[in-house]
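Chain naming follows the written order as A, B and C, and within any one chain the residues start at number 1.
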């Protein structure tokens, strides 16, 4: 669950019987220096709901500063290299970092899935940190990730909302200018949910009012079904349709038959 | 009339009554056969046909069997298709699917789609027959294409076979229509979007387009009639046309007899090969089973057109990677390669959709050129003799180069149809793919033409060298005079014959006609003739050969 | 020396009414007829096969052939056995796959056994010599042709068709007109209505709510957040008498952009609601659903032929074979906050047709 900013900064209150001006000045200087230094190091309000949570956030902060702040800014405000992360929510971080897309290794049309750089604990820590900076989509609860939804509803929703980019079988598809919608084979349910709710990069956002959490669970159920069910007719040839079928019949079908005709009309030994 | 080199010729069973030959004790089998043959012959004169056709000679080259691949895959299509007609319902009435495939359970779809799903998931062998049927359709058209290329590149379309070429081309178009109507029958998302595209193209035809679309779909798109109508086309009208034209195609083949490659003993006036009974029948019959078996194996192990993943057709969803079957690819690719903005509203308000018309007309012109090519080439050469010897492609360099250009043009269009898949597969942009192919569409055929022509002429030169001087054997010999020479191995007469036995044509010399005029037609003809035959290599003559043999090596 | 006759006219024998077309030897056109050709060496000597020479090899080949035929028998039996032993369990996809595979492999064995057996038999054991058949010229002999001509002449004379021009002309007229009713019969392939007005209207009207595809639930403006993309159908589509036909014109895409990102042309200022815009989903090229929305670049991509539309500039075409921008649906909200249409589209949706602007 996302942390919400609650407790105010602790403040020193000056009491004193010395000369009001001197003490006031001293205290003012003390306030300014400590407050300023404090402000420089921290960004906005820090949740003080529990020491364990704050330890997680603190670890997340450190990880973020070491790995993400260069492009996303220390205050998550974004730079020319990367967008702002204020309000993206823990779900975004869990998705991007959990699939290895972040940290970005190279510039290109989009962030590519690659080997994950951080452990689950570290990812969670960074997600908690980002979530603490502004409300956004949360990591979904397990109840929508079990894959026990309605597979027929999920399939229909998938065809209407997802197939045009990801292909009806989730084999992926092309977008403009070198971008692409990746294949959806064997993706973790939590990442599917998070992608829908956060709309990574050019993927639209499918908020819970557009596709409800149960409907998202149905879609996940359908993707599970696709992953677990073998192609009924034999090898699927990549499930990209008539192009691969045509190539196959020319290269292997006709190829085999032409080879056979050459054998047939060759003089026998 | 059959002359055989080696006796004996088989004789037909006696046409008179079933009397046992006193001298030879016949087996029961041959007695029954004899009786049956007599029974039929007394009622149909079949013995005449057997006598005429039974020992006809067929030349034995692998490239002559490509037409058989097409024919046999067509028979496989007919057989598997007949099975499917017992289960398929060509109706667009909405039903709720209650079959075995869970992701579509309870979903509203047409009876056509539901019956296709039942065939695939609830009828034993149904999926197998469906897959064999669809794979066979892909193979059928591919084999026709390859067969057509063989006939083209070997000049087998020349007199007297021009009409047969044309019939074959019509068969090619009919086969594509069969395929298209066939895969549109399940009313799934992929083929439904294909129909949507066809509707859009038809609407773009001037004046009559809107009406053709309206009549075709029985109202507004998609309507409830189209699957039923395509079904009639697919199982009745188009197969009837194909069978009829195939009959004529093969009848002409029998009348003209098959062509043969040049070789020792083979002339323009004979056919050398194997007789129908028994060798050709065994080979051709066996090949039918092989083609059928290969298709059955592919149908058993490779999935094709999983309509259940696409779901029922609905005008709202669409799949990434929406392509037609491969043989329609050239048309889809042509649509994709049109640059933006090719449409205008004329002064009267009529909309001219050039982005549709230019591909349509362009492809029609391309296909017409292919269909009428034999007549064009005959006009250019003026050759009115019959040709029964096929040419090696290198010996008709311009024709081969034209063919290479045509194939390249078709291939670029075909590639364009998978532009988005190329983009994802090779990590490039779709804009880059399409722009590159737009350029290639114009440039690549020209380049292919020139490369093919030069290769042909170079191969002809090499043939000439080998015919005159033989092969370089790799043995170096030092002569007493100190000279080193490489010994050339001469060809024997049989090998040489293949290299020297081709036709040569010269460009047409323009001459005034009876009125003393040189007509425009003559000029065009002379220009074409010069384009075809200016660059040429002559076959080796006897004097040249003798002279070459006289000089020492 | 090249022959370069342009056409072939035969000579008419004196007294005959018919030209003997092409009766002289056919011209070779521009073909070179060389007097000095290397002669055809005749047939090569026959090279016997091992099965011709060695009876043991022949016996071996025979065993291979019959072995293959035997394999075919086994295959066909396996196929029938599989059909029974591996039935389809309803709902179990693995059983479907297994049945498909095993049945197919069994039948394949049955077929390939015969095929390869027959071919090997013909190659290895059947008579191996090449045989020769003489060709005849394709054209009929002159006598046959004269007889054929005579048949037609007699036919013409005895029917008098040549002389009786009135009969001939009226016959031609009759035959030409006979197919006309057949052509007319096809009018009722489609309903009586004129298609053009139908193509110019959709289900959208003032006040019709935008609803989700396929469930049909109405959409509140507040539910459409920045970067989201809704697939929309008009309220009441599912209950209409022709839902798919209506959807094929009325399908709409709903997106929200920042109002400052939108370049709004004059007259369309109230067509969007606080940056929420609605465009026809039917591609103006040939009608596929233009469904791919890129939320950062604000582009719509059509997957069929890759036409791209820029939503910031009112769905202007920026790439691909389409010409016209996607028609925009003017929208607003009703008093409950649900998105509604202000009116129908102001131009026909979907692919172009001849009468579109008439």
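Here is the rule we use: a contact is a pair of C-beta atoms (placed from the backbone, for glycine too) under 8 Å apart; a residue touches a chain by one contact, two chains touch by 3 or more.
Bear in mind that the values here come from a model prediction, so they are computed numbers and not experimental data.
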(message) If I average the CA coordinates per chain, which chain comes out farthest from chain A?
(response) B
(request) Select the chain whose centre, defined as the mean of its C-alpha atoms, is least distant from the mean of all protein C-alpha atoms. (result) C
(message) Centroid of chain A to centroid of chain B, CA atoms only: how many Å?
(response) 51
(message) I'd like the Å distance between the centres of chain B and chain C, where a centre is the mean of that chain's Cα atoms.
(response) 16
(request) Calculate how many whole Å lie between the centre of chain A and the centre of chain C, each centre taken as the average of the chain's C-alpha atoms. (result) 42
(request) List, in ascending order, every residue of chain A touching at least 2 other chains. (result) 156, 160, 164-165, 173-174, 176-177, 181, 231-234, 264
(message) By the touch rule stated above, which residues of chain C touch at least two different other chains?
(response) 93, 96, 100-101, 119, 123, 213-214, 231, 289, 291-292, 303, 319
(request) Can you tell me which residues of chain B touch two or more of the remaining chains? (result) 60, 102, 120-121, 127, 131, 283, 286-287, 290-291, 294, 300-301, 314, 316-322, 420, 430-431
(request) Quick one: which bits of chain C touch chain B in the complex? Just the residue numbers, please. (result) 2-6, 8, 22, 26-32, 34, 36-44, 83, 87-88, 90-93, 96, 99-105, 107-112, 114-119, 121-123, 126-127, 129-135, 137-138, 186-187, 189-191, 195-196, 198-199, 213-214, 231, 233, 242, 244-245, 247-249, 251, 281-283, 285-289, 291-292, 303-307, 317-324, 350-358
(message) Applying the document's contact rule, which stretches of chain A touch chain B when the two form their complex?
(response) 109, 151-152, 154-156, 159-160, 163-169, 171-174, 176-178, 180-181, 222, 225, 231-237, 239-243, 245-250, 252-254, 256-258, 260-262, 264-266
(request) Spell out the part of chain C that touches chain A in their complex, as residue ranges. (result) 47, 49-51, 93-94, 96-97, 100-101, 119, 123-124, 128, 212-214, 220, 223-231, 255, 289, 291-297, 299, 301, 303, 308, 319
(request) Please name which positions on chain A make contact with chain C in the complex. (result) 156, 160-161, 164-165, 173-177, 179, 181, 199, 201-207, 209-210, 229-234, 264, 267-269
(message) Help me check something: in the complex, which residues belonging to chain B touch chain A?
(response) 60-63, 65-66, 69, 102-107, 120-121, 127, 131, 135, 138-139, 142-143, 146, 189-190, 283, 286-287, 290-291, 294-295, 298, 300-306, 309-311, 314, 316-327, 329, 417-418, 420-421, 423-424, 427-432
